[in-house]
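First the structure, then my questions, so here it is.
Here the chain labels run A, B, C and D in written order, and each chain numbers its own residues starting at 1.
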Amino acid sequence: MNAQKENFLLAVEGLTVSFDGFKAVDDLSFYLDPKEIRVIIGPNGAGKTTVLDLICGKTRATAGSIRFGGKELTKMKEHQIVHAGVGRKFQNPSVFEDLTVFENLEVSYSQGHTVMGALAFKRDAAVVEAVESIAETIFLSDQLNEPAGLLSHGQKQWLEIGMLLIQKPDLLMLDEPVAGMSVAERKKTAELLRVITRDHTVLVIEHDMQFVGDIADRVTVMHQGKVLSEGSIEHVKQDPKVIEVYLGH
Amino acid sequence: MKTNSPLQWLTSREGIYYLLLALLLVVVLPLLLDPFRLNMVGKYLTYAFAAIGLVMCWGKAGILSLGQGVFFGLGGYCMAMFLKLEASTPEATKNQSTPGIPDFMDWNQITELPGFWQPFHSFSFTLIAVIAVPVLLAFIIGVAMFKRRVGGVYFAIITQAIAAILTILIIGQQGLTGGVNGITDLQTLMGWNIRTDMAKTTLYFVCVGLLFLCLLVARHVQNAKLGRILVAMRDQENRVRFSGYDVASFKVFVFCLAAGLAGIGGALFTLQVGFMSPSFVGIVPSIEMVVFCALGGRYSLLGGVYGALLVNAAKSGFSESFPELWPYAMGALFIGVVLAFPNGLAGLYERYIMPLEKRLPVIGKYLDKDKPAPQAPPVVSDQLSAEKP
Amino acid sequence: MFADYSSTELMSIFAMQGFAGLSLFSVFVLMAMGLAIIFGQMGVINMAHGEFMILGAYTTYLTSQFFQNLMPELFAASFFFAMVLAFLVSGALGAFVEWAMVRHLYRRPLDTLLATWGLSLILQQAYRSIFGAREVGVDLPDWMMGAFNVTDFVQLPINGLFVMVIALSIALAVYLLMYRSGWGKKVRAVVQNRPMAEAVGINTAGVDRATFALGCGIAGVAGSAFTMIGSTGPSSGQAYIVDTFLVVVFGGAQSLVGTIISAFGISQAQSTMEFFLSGSMAKVLTLLVVVGILMLRPEGLMALKVRR
Amino acid sequence: MKTPKHSLPSRPRRRLLAGLLALPAVLALSTPSFAAPPTSEVNTSGLAVTEDTVKVGILHSITGTMAISEIGSVQAEKLAIEQINAQGGVLGRQIEYVQEDGASDWPTFAEKARKLLRQDDVAAIFGCWTSASRKAVLPVIEQFNGMLYYPTFYEGLEQSPNVIYTGQEATQQILAGIDWAVKEKGAKTFYLLGSDYIWPRTSNKIARIHIEKKGLKVVGEEYYPLGHTQFNSVINKIKLRKPDVIFASVVGGSNVAFYKQMKAAGVDLTEEDPLLLTISVTEDEIRGIGGENVEGVYASMKYFQSLDNPNNKEFVAAFKERWGDDMVIGDVTQAAYLGPWLWKAAVEKAGSFDVDKIREASPGIEFKKAPEGYVRIHENHHLWSKTRIGVAQTNGQYKVVHETKDLMEPDPFPEGYK
């Protein structure tokens, strides 16, 4: 078992969290291979977002373990988890509206993360280059000096993804990255994700089955805090338990 | 940070604002005012230190501290202890039962200088303590609170309670602290009589000099990446956290910075006014400092300075002309600022005066060449509220 | 420490200290109930809360003067009348303040702190101009003075008991109103999700105004009750404000039960310590313990655990 | 410390000097004033004196928490000034006053004192109330060589050449009070209770030493923060220790809470078991506490509104006429009233408004029209005065039950009580 675990990038085992007795995630286990694209789907309230919260340390687990590249995440602080290589995008775009796009990306740049480091941080050529290259990836090269508050909803989503990319994480977690996007933006986002997935492991929560089908290696279906089904998109679509949950009520 | 040389900076829009303030404080006021009024301005300026701290802590980082008076007071007490020891030579106090200790200790049957007073015989220790003591307390409070993610309203109320505790403690331990009277009758600093007009004017200029030093330090922090992280933290704390920052340590830093600045202000206050009393440690001065900052513009360092100057000048002016009306005026000022121009004077300036500047043929064109950095966000809203623990 | 006293004396001490703690408890509950609504439920940091209390106290003073001079035969009952009036007067001022000031600041809770602080300055000076700077004494009807002698040593003051009864009735009334009435549901709906509450047809502006007025009205009743045990002067309200906020925060801002538990805890701790230490040190220690516990448990004693 | 030109005589010589100085003072006062002397003669130090006016300052809190206590002093000082003006003023000059608000804030007091002395060049300041405000003002007054008339009973331990203390210092109030309680009421045990600041603490220190010197016992000593309103615990302690006398120096709003809670806890002070002796509750405070709550409380002070003498009757009538029938007058209010009169006497004796000359002239000055009877300035700048014991009535007045036979000597640095 142990030997097997080492091969996974992320191993979630027996993960449980309860809020005042309500188990939002209940004895959940799943494993991610390196460079895998995994999509979690499930009806509202299934505990999908909570899983991401648990992995990135926003919520503390009641029981269970999350091992990531050999480190136990449940005992680590949020910023340490980020430094371990986990990046997380929130459901509602959360960018720094008072800062420019450039500054948003610069803040996320993986240097000057301590107080003293941030005080001594210089905007050198390497920084500018990194920011500009990411900006190009996320289609925001022309908006570099605009305050992020003026961006459209979709652009903010991209910016937030860009802010994750500049951290160079091993695992990217995206919570409904295309929610609220126009069709055109949706297409561009799918394109963006395909670029990203070339060299990152990605964990996505998504509702749009078309989109899921486009990107997912494997799909995990959650229901009432537990794994209902897991496998390829075709596999889970056929699973009677999944059909029951989605159509049965 | 885009400017490379100091000279370039001084001719930029921001630099000109700093120059104007310097002109006002160094040239205009000393020429216009007699030593008595100038000393009063000096006193107001000591509050500006606390206000600058609040701009960093509250305006930039969104942490409202109602304990700024505590740090101001601690800095002031450190300086007062040194001056009191200097004033309490065995000769000057030969009528006491125990000569050589401060008079209030003698009144309280204390026969030996308490241990924590001893190091204050040294001036260099005192200078360090003026900053170190407030910073240390801020560090302890900050670590305890921010690591536990106490924020927003809760933080404000807890700091207020700490101000209350410290006041009661200082008043209660009057044998050690001078009690409600405070530490009074301070006369000389290293043999130099600080009560003369000459000394007061000198101290005024020292105060102005230090103020600019502190302004530049604060400005440096604001313009470093650290400053952007503070603003980012105010608006999207979680995003900062999940961008790999230990948010708590940044908060601790800025809280300590504010405390240190307030401590310097307090020490200068003691020097210029000649005494220190627990009424500066309490709740009322702490809230007043927040008001200076709010009136000047909570996002603007210079706004904080102008806020401290104007509110205090108004307070003195009003209370001389209409003593029974000034609480109404002050109250109305608080409410008016908050309701009508939440970004304070700095916000008003940006909205109404800056557009006018452009119409001036020469200056307008000159100033237009560098784009004004937006100091304040368009809409003020306390993101803090979303962050209740 | 106890060696000098006989066991009956000791029993009496504990009984009396318990009672002292209870009367402090009722003071805290009275102060905190109004604030628990305004701060806990609405999120408004009302620094003028003490001044609303004192308004109630002055109303009581004027009412008792009125009865004494014009209807002395009804004086014995004047207090009840005064309390109702105090509620109405403070509530009316509260509604006005909400309309003129607070409603513009719901999105900026910290700014309510500054604005209401300004309000408190204005109110204090207004009291000073109207009633004079000196404290006023409110005469109590005779039946409220004196004490029940339980034993030779243990006396229960009637007005203390009376304050306690008022405190508990108010707590009960607030509880019923907030948790057992349709209106309370609306208030909580507005607090938790304003746009949604609006969408389902709740008049949020009306609910806000009424809630704020209710909180202020309760402060008025508290002030009315305090005339029996404390002083009524322009600045008397200031003395209560820090304690009150701590009680509410310590209890867990959104929980009324928490507020009551915290009032009980703090009052018992303080009165017990006062017996062994000097008054000043007891106060310092109590506040330190409260702040210490709040650092360990920032959400207060009775906070709901919610998914965030 | 700046050495004043006129140094105060050392202690042993004081008593002797007092007697000698009293004589010329009486003579000086009885000399009628002729036409106003020219300004150049009476003002050599740049004060705001013209041919027919002289400026003085009134510096009290009329806003903030201390306004409650200080308003009475302002009224008394204004009344005295108006009366002096009606009688033709000082050296033929009408007194004009500049009033400043200390706003219950000590640095503000210092700032305003500075303003009065430096901008308005006032010849004297009548003001301050709390010790803290006086301590804040003192360095300013000494630096600019002003003259302060300070009305409040206070803790002593101070003797500034630039201050005349028209209230009692601690020993005058306390020793007489305790002696009386021991002699007349047979008190053996005492419980000391006060607000937590220097005056109550110093007073209780003096009281404790005095009590213990007599071989009697202090069974408790307790302090509460200023503004404290919950006294049930200390009342329980008092019930338990069963002292003969509660010696109380609680101030401000706390008083109201304390006496109401005493009464509510079933302690009937009229039974005098225990007897409550206060040095802090004047008629002014009783208005806030309510007469029925303090009935039976004994106070040890130099003045009560009910004092039965022609001076006082005249004063009370004038005060009520000027400020309203519902006014009450407490110890400090009366002491504040003395200020302008004592200053006038000193100016006339010195024949000059100059502070240095007034200072020199002050010791030995008598004021026979004082409402409290007769006062005289000691060389230590405090007043010789009698101490009275009064018992509070439900109507808010004290009934005088005892009066010291002689004037009590002020002794701000009491040997053996440090």
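Heads up, the rule we're going with is that a residue touches a chain if its C-beta (ideal position, glycine included) is under 8 Å from a C-beta of that chain, and two chains touch if they have at least 3 such contacts.
Only a predicted model underlies this, so the values are computations on that prediction, with no experimental measurement involved.
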Exercise. Can you figure out the chain closest to the middle, judged by Cα centres?
Key: B
Practice problem: Looking only at C-beta pairs in contact, point me to the busier pair out of B-C and A-B. | Solution: B-C
Quiz item: What whole-number Å value describes the gap between the mean CA coordinates of chain B and chain C?
Solution: 33
Practice problem: Please work out the Cα centroid separation of chain A and chain B, and write it as a whole number of Å. | Solution: 43
Self-check item: Euclidean distance of C-alpha centroids - chain C vs chain D, Å
Solution: 37
Quiz item: Out of chain A, which residues touch more than one other chain, so two or more?
Solution: 58
Quiz item: What are the residues of chain B that contact at least two other chains?
Solution: 168, 171-172, 324, 327
Quiz prompt | Overlap residues in chain C, where contacts from two or more other chains coincide | solution = 125, 128, 278, 280, 283
Quiz item: Taking the complex as given, what residues does chain D use to touch chain C?
Solution: 62-65, 67-68, 70-71, 196, 222-225, 227-230, 232-237, 239-240, 253-257, 260-261, 263-266, 284-293
Self-check item: For the chain C and chain D complex, residues of the former touching the latter
Solution: 5, 9, 13, 16-17, 19-20, 23-24, 27, 125, 128, 132-139, 145-147, 149, 153, 155, 157-160, 228-236, 238-239, 270-271, 274-275, 278-280, 282-283
Exercise. Show which residues of chain B lie in contact with chain C when the two form their complex.
Key: 64, 144-145, 148-150, 152-154, 156-158, 160-162, 164-165, 168-169, 171-172, 283, 287, 290-291, 294, 324, 327-328, 330-335, 337-339, 342, 380-382, 384-385, 388-389
Practice problem: Enumerate the contact residues on chain C facing chain B in the complex. | Solution: 43, 45, 47, 101, 104-105, 107-111, 113-115, 117-122, 124-126, 128-129, 242, 245-246, 249, 253, 278, 280-281, 283-284, 287-288, 290-291, 294-296, 298-299
Quiz item: If you look only at chain A, which of its residues touch chain B in the complex?
Solution: 56, 58, 77-79, 82-83, 87-88, 90, 94-99, 103-104, 106-108, 110, 112-115, 118-121, 123, 147, 149, 160, 163, 167
